[in-house]
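Same chain, two partners: chain A is paired with chain B first, then with chain C.
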Partner chain A sequence: MKKILVIEDNAMVIKSLQFKLTKDGYNVIIAPDGREAMKLLKEDEYDLILTDLNLPFVTGNELIAYVKENLSAVPIIVLSTSTQESIIMDAFNMGVEDFITKPFSPNELSLRVRRLLS
Partner chain B sequence: MAVVFSIDLQWIFGYFPDDLPFVIMVNIMMTIIFFVFAVLFVGFIILLRLYKIFRNRKKEEQRLLLEDILNNFLFDEEFDSENELRKFRNEHLNTPLEIKITIKEILLFHSNIKGESATQLRDLFLQWNLDEFCKKQLAARAWYSKSRALFSLSEMLILVELEKIRPLLNHRQDEVRQQAQLYFIKLAENDPLEFLDHLDKPLTLWEEIFIEDALKNEYHGKIPDFSKLLQASQNSVVEFGIRMIAKFNQFENISELLPLLDHNSEEVRCEAVRSLSALEHQEVIDTLISIFGKETNLVKKTILDAIKHLGSYNDLIMLKDKIQDHEWDLKIKYYGIAQNFLPEQRQEIYNQYEKEKALLL
Partner chain C sequence: MEEQSKELANLHGILIVHKDYDQISQLSLYLKEQGYYCDHAKSGLEAIKKFETEDGFKTLIIQENNIPLNAYKTIDYIKTELNKNPYSIVLQESEGTEIVASQKLVPVDQFYVLGDDINILLQHIKNQDEEDLNVEQSPYYSIDYLKEISDNNKEFIEESLQLFSVSVAKDIGELYLKVKAKDYEEIRKIAHKIKPSFAMVENFKGVELCDEITYKAKEEDFKKLIKELFTEFAEIQNALKRDYPNLNLQ
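Entry: the complex of A and B
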């Protein structure tokens, strides 16, 4: 079973993502903030990272930089409320594989995850 | 009255031993009274606390139930929607508290989700008759209930008879007015600013920002022709219209802005100058120079800013003689702009400024 690390601080979004991705057949691990995510990333391996950008303690950008430097094979999808072009461009320049803006379509997200993990 | 008082005291003091001094009796009596009050007060606080704990627990239970049922409803294809939703409605949508939490939770889901799932949430909102509850809340006495109801209805794009919403546009509470405006903008098909005709109070700056934001992010129809607002009876609406013409780059409305340079309101004239400048309408420079002398200080400053943005140094010096000796704030502004036009003559311009200042002093 493919393992996905979801880094998100919105309880409702966490619950929905966990529900949807588990239904899709993935093992979903949740980190409510950047610090917890860093800890989990050091302890275990993941097939995909789904992260918000505005996170407590360690920002999404810091996290992306860490992953791209140390775990470059793990694809990252950013799930953010930001629609600002510069923020989206920055994320892609840092090497993220996909960027989804909130509000998001769960079905679309599911498809994008499947595409990256296939 | 004195008799009654005396009888009452006799009745109370009858319980004390006869040889007890009067002062002691009064002291004991007061102690008992205060003790009873203290017990009642503490009891009341404990009851309030218990009520709050119970209410919070109920809220949390309802929220967890909803999270579960909504996730199943949206993402589980094997979920028996018809029966489960009906069961939930019968068992958990009976009190106003349960309904309010349900509305809040659905709105929370709706704000994070789009596409087919968002449509499903709207259908569920209607299926559970939550729209009817919101419509009733519009007539509630508490302003926050009205405001919340308006927000819920506009988020879920539910049509309500406009007669029920229009009076709320002039509600004394800012939040209600803003939510009523948002409702009109979000549900409008072709004229999202029609509600501005029904305003009794001037638009506040905050409301203008709110409307602009709603137009950009919440309204999905054709952007309205803001020149219609220039005929409004409220100057605040006219100013808003002028600003929006520039913000939305409606160059076709430049000819509508020009007559406003003669408007009787100083703020409207300033706004017209600012918008013409923002729209890069260089042809207005001659007009601005010609009206400069008869304008108020505020408009003169705005004209100077417009010349800085649109004109040249030659345009600027045409204004020099029109600035009165006592208008020091304008002179400072003038020389500041002159320095921008001629950076190489910065020192020279500064010397001229100092010379004039010395002459006056």
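Entry: the complex of A and C
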């Protein structure tokens, strides 16, 4: 079973991502902040990372930089409420594979995750 | 038992009360095939116990002359003592059973004679689901998005509404504290975090207010905007309390 690390601090978004991705057949691990995510990334391996950009303790950008430097094979999907072009472009320039705005469309999420994990 | 509760939470639950299960087994099987959750009780007393301990039975189909409590006494008890209001169908052995005056006072929704066209019964049950869908929606929130994510999973929807209530209340409390501390950077971050919660219950005024606080507000605007956000949250909360009394929202 493919393992997905979800890094998100909004409880409702966490619940909906966990519900949808588990239903799609993935093993979902949750980190509510960047610091916890870094700890989990050092302890275990993941097939995909879904992360918010505005995170407590360690920001989304710092986390992306860490993953791209140390775990470059792991694809990243950024989850953000922001539709500001500059923020999206910054994320892509850092090497993230995809971007989904919150609240997400369930079908769109399934398709994008499947595409990156296939 | 846990699996039963989950199934009951997700499907339209029907409780069929009859002393002889063989008499209603075909009816039960047919309703299950139509996607309903069906359970059986042998007596009115057993039915009352099930209504006491389990939520989710929307329909009660009950044998008219069940003993020791007949259909009317059982329905009356469930409605008046347990404050539950299932769609009540009395199952008659033959058409035209005489109903005594006192029984007429009990609000029965339908009568069905065992052996008659089952589609008529099914149509009455289906009509309830349509009525549920037509219930007037609150102008302050909608559960359409939560339904879409979860394929209309009742348990998920109710837990999400509880999370909305608890987490947004906490975050708005934080906003007030940060205003007092003049920590404007943190205010913007918290508003950004709350925004998807309002979006998920489709309250777009809340979404706009969060955007305004996050991206546009000047220092002197924060207090007013946060008050407006709290008012919007309180309206949602009041509507949820009215529509979901079983959630015991604070």
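Going forward, the second predicted complex is superposed on the first by the 118 of 118 C-alpha atoms of A that agree within 3 Å, B and C clash if a C-alpha of one lies under 4 Å from a C-alpha of the other, contacts with A are read in each partner's own complex, and residues count from 1 in each chain.
Just so we're on the same page, contacts are C-beta pairs under 8 Å (C-beta built on N, C-alpha and C of every residue); 3 or more make two chains touch, one makes a residue touch a chain.
None of these values were measured; they are calculated from a predicted model.
Annotation for the three-chain superposition on chain A: chain B and chain C clash. In the superposed pair of complexes, A:S16 makes contact with chain B and with chain C alike.
With both structures placed on the common chain, the touch criterion links A:E108 to chain B but leaves chain C unconnected.
Judged by the touch definition given at the top, the superposed model places A:T59 against neither chain B nor chain C.
In the three-chain superposition model, chain A touches both chain B and chain C at residues 10, 12-13, 15-16, 19-20, 102-103, 106.
Contact residues of chain C toward chain A in the complex are 145-146, 148-150, 153, 156, 159-160, 163-164, 166-167, 189, 192-197, 199-200. Chain A makes touch with chain C in their complex at residues 9-13, 15-16, 19-20, 54, 81-82, 102-103, 106.
Interface residues of chain A facing chain B in the complex, by the touch rule stated above, are 10, 12-13, 15-16, 19-20, 23, 102-108.
Chain contact summary for the complex, chain B toward chain A: residues 67, 71-72, 74-76, 108-118.
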